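Have a look at the structure below before the remarks.
Labels run A, B, C and D following the written order; every chain starts at residue 1.
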Amino acid sequence: MTPLTHPSLTTLDIDSLEAELRHQSPQKILERAFSLVDSIAISFSGAEDVVLIDMAHRINPEVKVFSLDTGRLHAETYRFIERVRKHYNLSIEMMYPDAAAVEALVKEKGLFSFFEDGHNECCGIRKVAPLRRKLATLDGWITGQRKDQNPSTRAGIPVIQIDHAFSTEDRPLLKFNPLANWSSADVWMYIRTYAVPYNLLHEQGFISIGCEPCTRPVLPNQHEREGRWWWEDAGKKECGLHAVNDAAASA
Amino acid sequence: MTPLTHPSLTTLDIDSLEAELRHQSPQKILERAFSLVDSIAISFSGAEDVVLIDMAHRINPEVKVFSLDTGRLHAETYRFIERVRKHYNLSIEMMYPDAAAVEALVKEKGLFSFFEDGHNECCGIRKVAPLRRKLATLDGWITGQRKDQNPSTRAGIPVIQIDHAFSTEDRPLLKFNPLANWSSADVWMYIRTYAVPYNLLHEQGFISIGCEPCTRPVLPNQHEREGRWWWEDAGKKECGLHAVNDAAASA
Amino acid sequence: MTPLTHPSLTTLDIDSLEAELRHQSPQKILERAFSLVDSIAISFSGAEDVVLIDMAHRINPEVKVFSLDTGRLHAETYRFIERVRKHYNLSIEMMYPDAAAVEALVKEKGLFSFFEDGHNECCGIRKVAPLRRKLATLDGWITGQRKDQNPSTRAGIPVIQIDHAFSTEDRPLLKFNPLANWSSADVWMYIRTYAVPYNLLHEQGFISIGCEPCTRPVLPNQHEREGRWWWEDAGKKECGLHAVNDAAASA
Amino acid sequence: MTPLTHPSLTTLDIDSLEAELRHQSPQKILERAFSLVDSIAISFSGAEDVVLIDMAHRINPEVKVFSLDTGRLHAETYRFIERVRKHYNLSIEMMYPDAAAVEALVKEKGLFSFFEDGHNECCGIRKVAPLRRKLATLDGWITGQRKDQNPSTRAGIPVIQIDHAFSTEDRPLLKFNPLANWSSADVWMYIRTYAVPYNLLHEQGFISIGCEPCTRPVLPNQHEREGRWWWEDAGKKECGLHAVNDAAASA
């Protein structure tokens, strides 16, 4: 198949790409992503998606990485992101929320409004808006989403898709999910085999890691998603980064 | 089958009991244990084997429970054992090591000799000897051992057996392992369904829990046994409570 | 003495005010501050300066409070600020740093640049600029500074002063330090006597509390300031909020 | 003054020794203690009395040290005692409580009886009896008691005394308190100046350190003794090691 320059990609191309890549390894998917799209970056959450950085760095030491600094991450997560930056000699771009938006929310509702009226407003300001600002500069992004992370919302995620949530009229955005078909066990086997640095919260019972007030450790054999926004319904446990596409995928 | 009084049990009887109980629920096995043996008690480790206490207490509120207080348990474990005692209104007998034996070991080798020459000497003094003293007063004991806890040493444990390690010449000792065929997931489903109290260390990444210096949290998807005596070979990770029988079972 | 409207205050007035208030209680100083200046607010650090809020709230339940959310505070501090907000039924304004400034610093130097080239650049972006933005809307501010906090830099702070660091050409800014002459022991006696809510970090060995990466607990009898920016000289341990005035005061 | 061999010491001699040593440094008192009594040892609590070990070790590298392992110390304290043992190349004798006594108390009252009927019964079994057993082998012991630790009970402790609580008919026991006149600040100045190893709990807000369930961190400027047996009256806060003598001293 001839490499395509991204702006000319059509839905048909995506379908054939998805068919081509569906059963490939994450590394092959990453390679294809880098060959298809120049302006592309990994979205790093500060958790076990560090495997994407490890894989990508072996393929492309100049890989671009960004992360969403909501201003409420765990101290351990800030330390981990710094450790990753130094370990791979990367520049990790930290996207920061808009001061006026944060100030207005907090002035009206305090610092923990999400416990009272849901996490969407806070995630919208601290995660989605900064992400949108970053994605507007890219033609493709790479995420650590996996089907096994959330049976309600992520069961149908493809390895490649057009990102209908963040594409603009004149700029379609490609989204790659190289780990879609990996299990949590696969990810951790990789981390341990290749001695990939990991967030020390993983040594304290945390599996999925997001903002500090909205993340907690899980019990043995408890599904990792129960450690996130635990006061809300399982079906709503998405912060908005992936929601629109996931809804389409699991429709 | 006619109930047997324990002292007359023969190996043949054990085999047929094992055949009878092999596919029964833990609760059925507990019922049978209580009907077979009068002088019987649950050995409680302070971890997720609390499910045995919950099950047994529903069958027999007078169930006897003992635990081995090595003098080096986690503060959280002491608090948990006390919570269980009050929750079920039980008398939990804490077996304590012999002062002279502990003093001699510590004087010669310090408080962390196990990191240097293995855990057997310390376990022998702090766990096995007090257990032996307790078992000498019983005709049967009930443990929380499960096959899935250690593929190297516990794969073959039966639900009932003669305890060749702790029986004496004139006093055969029956050992029941009602959870032998349950998985960790089964145990935790039970704990959460019945709101059984649990050790708070389980909220900090601990799965298997023993003495404080010899237990650590595991990473996501790491086998629970890797949190115990991690500086030794997997095949040796038994404290001596179950070693002789396990060796026989997996032979 | 006739109450003065603030814009007409002269240095002479300040001197006589200082003479008047120097030996007064913090409560008297707060009362005077509220009577002198309409547009005035307490700057709350999330530490033991909560006593100022408690005192001020008894005098004026509508007291305005702001705090600098650097995006790197301890999780405990965010929880404490929320607790104070609810306890006193206050609106606490959280000033947030400018996204572009934070992003540029972090992109160039990572998340912990202060350990390498000093805390001034980071404090400048995360604390001083948001403070300046807030102070531009006020005629006076009230701080929890005390002489005993830092013998090198705070020994000479007055209870009232013109804030030469943040006044503008056409808008002199008054700064009140009602706790200037209180010791740490006085503050904690007040907190315990009046059951004032306090930051739970104070139960973990923390005395002075700032940003998470730049604060640490101190040992028994260690000066509280040794828990802040401990990799720098004692004489430099100011974040810029008070530096210019302090320099003048101790000159 | 002629050195005395211990068994011949009279009350009069003690008075003149006290007069001689009252204003001496802890080191001088230690030297005198070693010259006066052959069979003497330091009682080490695992807290800041480590300064005694440091001082004594410089005078006499063969100094004998014992500690009371109640079976309920903090994990950090066990690690600290081991660190001290290795740092000074000492043999630290850990005195352990009698198994039958602990088992009987716990069977009857559970693991936290002290919260309900006071700490004396538990301290009696876990601390005082093992101490008595140890002291019966000595002619003198050295403690880290200081007057400033407890204004109610320790204000009058001398630097040397006949231990009326633990002497036997035919064997008077000398007790030395070389730090009696040192303040907490003096002790910590010594620790920091000489880089003496210290219990890491001191970095978490703990000042006085005893058993884990009966010790807690204190707030800034809170008296250290408020971190011990906080549910009891200040005047009773002695574990029985020093009670009889203190009562005499402050009478």
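Throughout what follows, a residue touches a chain if its C-beta (ideal position, glycine included) is under 8 Å from a C-beta of that chain, and two chains touch if they have at least 3 such contacts.
These numbers were taken from a predicted model, which means no experiment stands behind them.
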What are the chains that chain A and chain D both touch? B, C
Over half shared numbers or under half: where do the identical copies chain A and chain B land at their interface, same or different? same
Relative to chain B, the most remote chain by C-alpha centroid is chain C
If you tally contacting C-beta pairs, which comes out ahead, B-D or C-D? Let me know. B-D
So, in whole Å, the Cα centroid of chain B is separated from that of chain D by 38
Could you tell me the distance, in whole angstrom, between the mean C-alpha positions of chain C and chain D? 42
Counting only residues that touch at least two other chains, what does the list for chain B look like? none
Can you list every touching chain pair? A-B, A-C, B-D, C-D
So in the complex, the part of chain C that touches chain D is made up of which residues? 48, 184-185, 187-189, 191-192, 198, 202-207, 217, 219-222, 224
Residue numbers on chain D that touch chain B, as the complex places them: 69, 71-72, 74-75, 78-79, 81-82, 85-86, 91-99, 102-103, 106-107, 110-112, 130, 212-213
